[in-house]
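For reference, the structure I am asking about is given below.
By written order: A, B, C, D, E and F. Residues from 1 in each chain.
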Amino acid sequence: MFKDLLLRFLEEDIGRGDITTEGVFRGERLRAVLRAKERGILAGGGFAEEVFKLLGDVKVLYRREEGQPFSEGEELLILEGSGDSILIGERTALNLLQRLSGIATLTRKFVKALEGTKIRLLDTRKTTPGMRYLEKYAVRVGGGLNHRFALYDMVLIKDNHKLLAGGIREAVRRVRERISPVYRIEVEVENLEELEEALSCGIDMVLLDNFNPDDVREAVRLSRGKALVEVSGNINLENIRDYAIDGVDFISSGSITHSARWLDMSMRVTTL
Amino acid sequence: MFKDLLLRFLEEDIGRGDITTEGVFRGERLRAVLRAKERGILAGGGFAEEVFKLLGDVKVLYRREEGQPFSEGEELLILEGSGDSILIGERTALNLLQRLSGIATLTRKFVKALEGTKIRLLDTRKTTPGMRYLEKYAVRVGGGLNHRFALYDMVLIKDNHKLLAGGIREAVRRVRERISPVYRIEVEVENLEELEEALSCGIDMVLLDNFNPDDVREAVRLSRGKALVEVSGNINLENIRDYAIDGVDFISSGSITHSARWLDMSMRVTTL
Amino acid sequence: MFKDLLLRFLEEDIGRGDITTEGVFRGERLRAVLRAKERGILAGGGFAEEVFKLLGDVKVLYRREEGQPFSEGEELLILEGSGDSILIGERTALNLLQRLSGIATLTRKFVKALEGTKIRLLDTRKTTPGMRYLEKYAVRVGGGLNHRFALYDMVLIKDNHKLLAGGIREAVRRVRERISPVYRIEVEVENLEELEEALSCGIDMVLLDNFNPDDVREAVRLSRGKALVEVSGNINLENIRDYAIDGVDFISSGSITHSARWLDMSMRVTTL
Amino acid sequence: MFKDLLLRFLEEDIGRGDITTEGVFRGERLRAVLRAKERGILAGGGFAEEVFKLLGDVKVLYRREEGQPFSEGEELLILEGSGDSILIGERTALNLLQRLSGIATLTRKFVKALEGTKIRLLDTRKTTPGMRYLEKYAVRVGGGLNHRFALYDMVLIKDNHKLLAGGIREAVRRVRERISPVYRIEVEVENLEELEEALSCGIDMVLLDNFNPDDVREAVRLSRGKALVEVSGNINLENIRDYAIDGVDFISSGSITHSARWLDMSMRVTTL
Amino acid sequence: MFKDLLLRFLEEDIGRGDITTEGVFRGERLRAVLRAKERGILAGGGFAEEVFKLLGDVKVLYRREEGQPFSEGEELLILEGSGDSILIGERTALNLLQRLSGIATLTRKFVKALEGTKIRLLDTRKTTPGMRYLEKYAVRVGGGLNHRFALYDMVLIKDNHKLLAGGIREAVRRVRERISPVYRIEVEVENLEELEEALSCGIDMVLLDNFNPDDVREAVRLSRGKALVEVSGNINLENIRDYAIDGVDFISSGSITHSARWLDMSMRVTTL
Amino acid sequence: MFKDLLLRFLEEDIGRGDITTEGVFRGERLRAVLRAKERGILAGGGFAEEVFKLLGDVKVLYRREEGQPFSEGEELLILEGSGDSILIGERTALNLLQRLSGIATLTRKFVKALEGTKIRLLDTRKTTPGMRYLEKYAVRVGGGLNHRFALYDMVLIKDNHKLLAGGIREAVRRVRERISPVYRIEVEVENLEELEEALSCGIDMVLLDNFNPDDVREAVRLSRGKALVEVSGNINLENIRDYAIDGVDFISSGSITHSARWLDMSMRVTTL
C-alpha cells in the first residue's frame, strides 16, 4: 500500500510535468548509477527502485542489499531504461534514500553501543509527518525495534493523561474499563514514587522518563518480574552506556529519527 | 489547501482512534501551553494551531508571531478547549513545529552570515518527501528565498541533461523549441568553459556547482549583465563568507532543509 | 474522521442527485420523526444525526440516548429542517441505525447472559467490509469489548501461522525476533497439548478454539497466572452459560456482528 | 471500478501491516483451500479471488462457478502463492464471500418460492452502507432482479413525497415538469383509492405497500394494462405464496439483503 | 457534493499558490464586480459564488437570478472580501460562468425555436469530460430537459448493440432478461423498418436517427400510443422547425453542449 | 499521472455500470474503427487509446499519428478486443478526441496565419475547468506554445493587481521582495504610458492588452531589447495578420481553447 505514498511523493515533485526533461528528452535510453558519497547503512533501496518503476520502462540491474554497510563511492543502485523516467525520478528517489539511510545509519550506531547487553533500542513517534511508515521501517533496517506505531495500537499513559485523570491509578482504571484488553498498557513515570504506584496497578511496561542512572538501577530492582522497563530522555551516543544497566529491557530515542542527518549520495547517467 | 495535508498527518498518528485518550478522557477541558526548550526562530505556528482546530472545540489564546526569535522556556502557543482534542493533537502539532522551526532557525543563521552583502539565500529540492510545501515555507520564514518549487516551474539544465543532449548548447536549443517561453532557464556549470558556453546561449541564470572562490570571482566577471549567478555545493556556515563574493546573486544550500535539527519543545496541560 | 465514511455512504445512495425529491421539492420545511417499530438498544444515533447535517440545514430537536433500551413505537430522533435534506438522507440514516442498533441489541443479549460472572464479551474481525469502525462501535454500545481492530494492533497466531512456522514455539520465536514488543501476543489453540506449548512460551493470551466445557475447565486451571483465557467457537445464546466457567476471562463471538438482524424502524414527516 | 472498493476493504483490515504474518513469514509458499462449512449458493468468488490478487503473487487453481449450489465441505476456491498474501487476505476474502453467498442463498429461496409463477423477485435499497454494489450483485446471482440502484436512477414517489406535494397527482405533476423523461415513475400506494389516483396519472409502476392478498387481487384488476404491479411489505418465505397472485409483476423484499445470515466458510493452508 | 468538483478546479489553477497575488497582496479588502460583455442567459452563478467562498472570507452582495437573460454590461455578481481570495478565484469562477452561461444561452435559442409546439428539447452525453453534472445543469437552466445522465440510468440500444446482438429484437430480449425493469428502454433506429421492429418489442421510446422530415412524419404515425418519439441527428437552429412535427415528443441535440461558445465576461475590483 | 484523470472521466460516464451493454453483451469480441466525419488535426489519440485499455482486454491495431491532418472519412483508431470494453469506452474516448482535435485544428489555423513571421502563438488559462492539462496539450499538438500553466508558475501582473498595489512599479517591487527569483515577471499594460512604466522596472515580458496595430508598432519599438512582447485581446483569424507586426514575440488567444468547435467523429464495430 506504500505505492500511494510514493505516487504522492512523485506528484509533489513532478506535478504537471518536468519541463527540463520534456524539453531535452528525445527518446534516449540511459544507464544510471546511484552511488554513496560517504559511508553508511543502506535503507530504502526498494522504495527508490519502486519510484523509477512507477515512472515506467526502467529495469534494475543491481541493488545493494538492504541493511548492509557501504563505503564511500560504492554503487547502491544501477538502472537501465527510458531516459525521461530516470531523470524525472532522480530527486524523489535520492531524497528517500538519503533520508532513510541516514536514519538506518544513526540507528546502527546506537544499536552498536548496546552490543553485549540484552537491551533493545526502540524508536518513538517523533517522525516527520507523513513519513512514519518509512522512517520506522528504516529504524528496523538499522537494527532497532519499533515502539508503538501510532495512537491506536498501544496504551501509553503520559504526564498529561495522569493530570487529566488525577493520578496513575485512576488513569489505568479508566483505561481498563473502556479499552480493549488486547492492548499493552505502559505508564511513563517521573520518579520512583510514581513507579511504585504504576507497578501496583499491574501494568505491562514502564517508561522511566529522565531518570539518572542510579534511579534507573533502583527502578529495575523494583520492576523485576512486574513490568518491562523502558528508559528514555535525552539519551545520546555519548551517554547511552551509562543507561545500559542490567535489567533494563529497552532504551528509546527520538533522535534516531528526528536528528538523523541525510547521507550524501548522487546519481550519474551514461547513454546506452 | 494545506488542510488536506494536515488531515493526512493527523490520520497517520490517530488512525481509528487514540486509545489512551479514549480510555482516560471524561469530558474534561484543558489549557495547554506549548513551550520552547531551547532558543530559535518560530515557524509553523499557524499549522500547529490548525492541527488542533481540525480536531475540534479548541480556542487559541496566544500564538507567538511567526518568524520571531524565542528564547529557552518561552511560550509559543496557548490553547484552551476539549481535553481530547488537545491530547490527541499534541504529537502531530509538535512534530510540525519542531521540524519547521528547526529549518527556520538554521536558515536564519545562513541569512545572518550573508548580512551586509546583496546576496540572497536560496533553498533546493532536497526536502523531505511529502513536506516540500511546508519546508519551503519555513525557509521563507527564516529569511531565505525559494528556488524552484518542483520540476514544473523552472528549467534547470543539469549534468545529466547535458549528457543526454550532448552539450549545453543543444540542451538549451531543445528546451527553447519545445517549452513555453514563460519559464526561466538556468544551467548548472562545472567550470569556466561550461560557463562561457552557457552564457553564449542567452540564458537567465547560471548555477556554479562546486566552484572555488577564485573561480567564482572569475565567473561573476564573465556573467555580469548576462545572467544571474547562483553559487552552490557544500557551502556551510563555516565557509559561506568565502563565497559571499560581490556580484554573486544567490547562494543555495540543501543543508538548510535536509540537515536542520528539530528544536526541542514540549506541551504541558492544566485542567480548567 | 468518520465524516468521510458517512459522505461515502451518502454518495452511494445519492450520486448525482435524488431525482424524486428534486422533482417534488419546492422549498418546504419538514419535521421528521424516526421511530422504532420493535424494541431494542439504540446505537448509531449520532451517525444518523450527522448524515442529515452533512446534507445541510437540518436541526436535531431530540435524540434518544445511545445505548439505552427503547420499546416499540418509541421516538429515536426528531429533526426539523429543509425538506430535501430530510428526504434525501432518510434511507442512509435508517440503514445505519437499523444495522448498528441490531448489533447493539444482540450484543446486549450476550452480555446479559454473562451477568453475574467476571467474563467479558469480545467481538471478532467478522464485520461487514468497510463497516468495521461502526460495527465495533455498536458492540461497545451494546456492552461488549472489542477484540483487536485489525491485523496491525495485536499478534494473534492462528492455525495457518503455526503451520507456516512449523509449530507454536517457532511461530512465537519468530514474532519476538521481528515484531515490536508493544503488542500483546495471543495464540489460538486446538487442544490441551497446544495450550501447554503456548503457555510455555510466555505469551499474553490464549484463544481456546472449539473446546468443550470440560476442556475449558482444564485449560483455565493450566493457564491460571500465566495467560488470559479467551473462549471461542460457535458459542450462541443457547450454550453460552455452559462456557461461562469461572476463570475464563473472555468469550468472543462473531455472530454478534455477522448474524445481527436489522431492527425495524421508520421515518415519518410532517410539514411545518 | 470495484478494485477501489476492495482496496478500501483491505486497507481497513491491514492498515500499516499484518504484524502476525510479518513476524512469522519467511518466504514460504502456500496452497490454500476455501471450503464451505454449510450448503448454499456461491456469490462473490470473483471478488475473493481479486482480493488475493491485489495482495500479489497468488494464482487461482480452481474457482467454483458463481451462482451454483454447493454442499457442506465443498471446495470453493483453491489458491497457490506467496504465503503472506494468502494469510493477509484471508479474513477480507472470507468476509466478502460469506456475506455475499448468504445473500445469494436467501435470495434463491425466495426465487424458488415463486417458481411456477411469472412473478420476479426484486431487492430494495436496504443494503449495508458502502456495500450496495456488491449486495445487489449477490441478489442477481441468487436469481433476483435489482430494483433501482439508488436515488438517481428511477422516480419512486413514497409517502413523504406525497405529503410534501399534497397528494399523488401534484407529486407526479411536479416530477414531470422538472425531471428527465428517461426515468420510470413508480408510486407507492397505501390503499385502493391511492392506487386509482396513481393510475389516473399515467405512471409506469405501482408499489402496493402492505396490502392484504385480497386487496392485491383487486389492485391487479385495476392496474391491468396501465402499470406494472410491485407488492411489498413484510413478505417472508412463509407468506410469499399468499402474495404470488396472478397479475402481480414483482414482489420486493428488503430481508434478502438486510436479514441474510453469513454462510460459514473457512480457509486451510498447506505448504508447497 | 459538487464542492469536491469545485475544489478540484481550484486546485488545477492554484496548485501550490498564486505567486502574483502572494507577491502583491498586503491584506487589502476589495469589492469585485463580475459583468457581462455581451447578452445571454445566466447559468452557474451559484457555482461562481461557491468558488470564492471556498477560498474564504468573501461575502456576496448581489447575484443575478439564475436562468434570467442579461444584457451587455450588466452586473452578474458583486462580492466583497479579502483581496487574495477574490484575485485567486477570478479565473476559475469566470471559466465556469462563461462556459455554463454559454450553454444555457444556446439552449434557450433552441427552446425558443420550439415554442408553440409540445416538443421538448433534450441534451446528450456529448459533454466535456469531467463537466457533465455542470453542463447538464446549464441545459436545464436554459430550458431543456436532460436525456439520460450516463450509461447507468437508462437503456439505449444503439447501432453497435444491435450488431452485437444480431438485431433489435434479440438486443431487447437480452436486456429484459438481465437488466432491472425499473429502467426505460429506448432504441435508436435508422429507418422505418427498424422502427417497426423496435415498436413490436414493446419498448418505451424510439430515437429516430438522421430521419428526413417526411420519414419523421411517418414514424410519428407508426409510433402513436406505442412509444415516445425522439428525433436526433444534425439538427441546428436553421433546420429545427422542419423537424418540429406534431407528435414528436423530443428533439435532442449534442450541439447545445459541445458547440456552445463561451460568453464574454470580466471582473473588475475596487479597493474598500 | 493522467490515468487518474481518465479514470475519473470513465467513472463519470459509467458509474455503477453500463446497463445497456451489460444487458446485451454475451462475451463477443469486436473490431472497432473510429473515423473522422470531417477534416482536421488529430489530438488525443493516445488518451482515447488509454481509455479503452483502462477498461481492459483491448488491443490497438492502428493509431493515426498525433498532430497530423486527416481528411473526412479517414480512420483514426482501430481496436480489437472484448466487446464490452469497446462499447463502454466509446463515448468517453470520442468526447476526448473530438474536443482535443477541435482545439488542435483551430490552433493550427492560427499558427498557419502566422507563417512567415517569427511570432509564436500562445494559449491562455481560459480552459475548461478540469481539462487544462489536456487542452494545453492539444494546443501544443496544433503548433502553439503554452503560456503559463496556472497561477503558480509565472508572475503575471494584471489590472487588478496594479489597482491593489497602487501601480505597476509598486506591484513589481512587492513581487520582487517576496517571490522567488526563478519566475519570469510579465506585466499586462493598457497603453503606452503603462508600457513605459513597466519597462522601467526591468521586467521580462509585457502583455499589450487590446492595443491597436499602430500602438503595437510603437510598443515594439519601445520594448526592443528590454522585454519580450505579447499581444492579446480579441484577436481572431480575420484580424490576426494586422497584429503580426515585426518585433512582436507572441500573440495569445483564448479562443483557441474556449471557442474551439468539436470535430465530428464516430465509431463503428464489426464482430470478429
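Definition applied: contacts are C-beta pairs under 8 Å (C-beta built on N, C-alpha and C of every residue); 3 or more make two chains touch, one makes a residue touch a chain.
Since we're looking at a predicted model, the values are computed, not measured.
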- Tell me which chain's centre, taken as the mean of its C-alpha atoms, is farthest from chain D. B
- Quick one: superpose chain C on chain E by CA and send over the rotation angle as a multiple of 5°. 120
- The distance between the C-alpha centres of chain A and chain B, rounded to whole Å, is 22
- Taking each chain's centre as the mean of its CA atoms, chain B sits from chain E at a distance in Å of 46
- Message: Give me the residue numbers in chain B that touch at least two other chains, ranges are fine.
- Response: 14-16, 133, 149-150, 152-154, 180, 183
- Note on the structure: In the complex, the residues of chain B that touch chain A are 5, 8-9, 12-26, 28, 30, 83, 86-88, 90-92, 95-96, 98-99, 125-133, 150-161, 163-165, 171, 174-180, 183, 258-259, 261-262, 267-271
- Quick one: which bits of chain C touch chain A in the complex? Just the residue numbers, please. 120, 122, 145-149, 152-154, 180-184, 186, 205, 228, 249-250
